[in-house]
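Before I ask anything, here is the structure I am working with.
Chain naming follows the written order as A, B and C, and within any one chain the residues start at number 1.
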Amino acid sequence: MNTTAFSLSAAAIGLALLVVAHWLGVDYLYFAGYTILQFIVLATAWNILGGYCGYVNFGSAAFFAIGAYSSVFWYKFHPLPVPVLIVFGAVVSGIVGLGTGYLTLRLRGAFFSIATLAMAVVFQTLVVNWDYVGGSRGAYIIRPESLEVAGLTINYIEYLFALMLVLAVIALVTARAIERSQLGYGLATIRDDELAAEACGVPTLRLKLIATTLSGAFMGMAGAPFPYYIGYLQPQSAFGLEYAVNSIAMPMIGGTTSWLGPLIGTLLLGSAQQYATVTISSAVNLLIVGLMLVAFVIIAPNGLIGLVQERLRARRRS
Amino acid sequence: MSALLHVDNIGKRFYGFVALDGINLEVQPAERLGLIGPNGSGKSTLVNCICGTLQNETGSVHFDGKVLDGLAAHERTHRGLARSFQLPRPFHSMTLADNLRIPLLYTVRAREGMLHAHGDLAARCHELLQMVGLADKAKRLPRDLTQVEMRKLELARAMAAEPKLLIADESMAGLSHSEVDDILALLLRLNERGITVILIEHIMSAVMRFSQRLAVLVSGKKVADGKPEDVVRNPDVVRAYLGQ
Amino acid sequence: MDISWDLLINALVAGILLGGFYAAVTAGISISFGMLDIVNIAHPAFVILGSYIAYYLNVSLGIDPILVSIIVLPAFYALGALVYQVYYVAFERRGQESLRGLAFFFGLLFVTEVTLILVFGVDYRYVEAAYIGPSLHLGMIELPLRMLVPCIMALALFAALELFVGRTFIGRAIKAVSQDQLALQLMAADPIAIKRIAFGLSIATASVAGALLIIIQPVEPSVGRDYIGRVFAICVLGGLGSMPGALIAAFLLGVVESLTSTFYGPSWAPAVSFGFLLLTLAFRPAGLMGR
């Protein structure tokens, strides 16, 4: 299936989901659905750099929060429509991704990863000290009740859900397109053997920077609507642990070599967590995610998709 | 400068250990140069410095009339330099055919600016795999290959970059006599088409048969450079291999 | 003169004392990352674990925290050896240490932090000891004992490690394994066993570092993450594998952080280490005394 066909199919599925959700009209579905869609974007974004290219980003929370806080900034300065905020968040996070990459990607992958970890701490420090966006006290975002679109009045949360759905579709389509393109091949060679890739003529630094920028941009996009979703944004929640671990656990458990992996991983892990947070505590929920990450990394390094592929290959050979 | 490759007094140290000490070397277009030396003499380091995998600290490398210093390895490959690695480094997650597509996509296409039609690329990959006798394994993954087959893949991948100068780093280790002959014949055919070849090998019979000129590296220094039959009689060379 | 000399000198002194402590935290990374090339980002989590164990035994049995850390040293060593064994079998042997290894250690870091949250909650924890509270006064210089004692212990730990690596057979084998595994094998020493010992040692230092940490400051589970940037910044700035370099870098970082904290406010301190790390990586990746 080529990219155009896939985009249309994905868009159709997305539209169908929207219609069904609207018809069901249950607010909780919008809230839960938004979170899962947001993680689909984050996991897919992480995977472009982590799974396809082999460079581990531990600072997903920072890129996410940059998107969120740039929205807070505009809210205080001069409120803009959320779609514009999304674009702005993408640009700022993308630039930060490019900058971090430029400073550290000429060295080993390990240094890039450490830099992303440290970066998360630093951005949190910057935000905590920036009173204009609320600092450590946090910022209140008052979201409208509803919105007029094409003559229809929609619930605001439904609007946010729809936006995140569009982002998720765009992210998945982009990831799949990259996977099948020359860029995707290039990223895979960097992951497999960067030295050999260079010897074959692959411009590794350029490709890595592209991946870092794209990945950062998508994460910023996912973060931009967040203040409107949550109403009250504090650095602890924007930079929270769950973003760092989930954006790594979801692709690694689902499978890192394909666009399908982050999607499956998010659907499974995301729904499980929605359930667990309500029934058990959120800390136990995070513990389980962490343990699953460690277990999968040791036992099933290519995730669920990898396990399925192994089964198929074994069957084909016998 | 008529030489295709001119290595000008390059030096390289690793934290106090001198790997290369003022190496001077010239390779003429379409020449067949053999490079030999005991283990640890710096042959692979020299290749790494020429190809940009490592940066030499002193001296410079000239290729095709231009200075290569400061250029990344991939840019040197674009200019026509290709090498195989002594320990094969295939792309593990891709089939053999896809392994060969990478240099075609990123070097040949970049250089020529032409869009190879899909079929064209596939045909070229097949042709290359046939040349090294791996055509029937095109859809396999590198982990299914034997050591010997991986070396052949390594060579095929270097050839896929359509280089002006090909450096074959110990491509024949572990091969049987007939396989060595096959690879030699292949390299000779490439050379007849005008491709300059530097052969780094320990299999002396192959080196002697193949090389028009022989250079010897010992402990980071070049101790001999000339006609093969003269070099093997050079007392320094003999001493280096057989000891004092 | 706007700057109060009193404030400046005390900030400097505090920075030096802090730096000594940072050296203790970094000692472990100097071994695991500098010599074994293992990116153990979970190291600060082990340090915090050490802090909590010191806290628990101090509060329940009244034992001095530093004494606690020495008592549990063997347990930490064993833990380190176990972690390395898993790491080796699962990743190093398969040649997949980059992506998966990092994710593994991140998972460990994360699981440790969340477990501590579940067991101890997010409140800050303190220890009680005779030297927490009083200070020495030398003229206008104030030397709080709660910082002086850890600094001295840290330097002792550092010196002990340096001696071990430089003088004992195992220590030199560890140095050797970082440079030439094959040669080590030819000398009939098992490189994997050597690495396991080394890694166990690096985690053992975390036990001591943890106790020192909770003496200097109150601890809560997320404090570990502040230290990741610091320890790697020190390691890189000092030059990987160079323990004297790490010491100098640690003092440097401590002083700059202390000055920043005093004159710009403590909430800026975490940014300092990152600034160091970025600058070093961008301009002199080999560090001050790069190998």
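To be clear about the criterion, a residue touches a chain if its C-beta (ideal position, glycine included) is under 8 Å from a C-beta of that chain, and two chains touch if they have at least 3 such contacts.
Just so we're clear, the structure is a prediction, and the values are computed from it rather than from any experiment.
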> What pair of chains is linked by the most C-beta contacts?
Replying inline: A-C
>> From the C-alpha centres, identify the chain that is farthest from chain C.
In response: B
>> With centres defined as the mean C-alpha position, give me the chain A-chain C separation in Å.
In response: 32
>> For chain B versus chain C, what separation do you get between their C-alpha means, in angstrom?
In response: 45
> Which residues belonging to chain A are in contact with no fewer than two other chains?
Replying inline: 191
> Can you list the residues on chain A that touch chain C in the complex?
Replying inline: 50, 54-56, 58, 103-104, 107, 109-111, 113-115, 117-119, 121-122, 124-126, 128-129, 191, 241, 244-245, 248, 252, 256, 283-284, 286-287, 290-291, 293-294, 297-298, 301
> Okay, in this complex, where on chain A does chain B touch?
Replying inline: 182, 185-186, 188-189, 191-193, 195-205, 257
>> Quick check on the complex: what are the chain B residues that touch chain A?
In response: 51-53, 72-75, 77-78, 82-83, 85, 89-94, 98, 101-103, 105-107, 110, 157-158, 160-161
> Given the complex with chain A, which residues does chain C contribute to the contact?
Replying inline: 39, 41, 86, 90, 96, 98-100, 102-104, 106-108, 110-111, 113-115, 117-118, 222, 225-226, 228-229, 232-233, 236, 265, 267-271, 273-275, 277-278, 281-282, 285
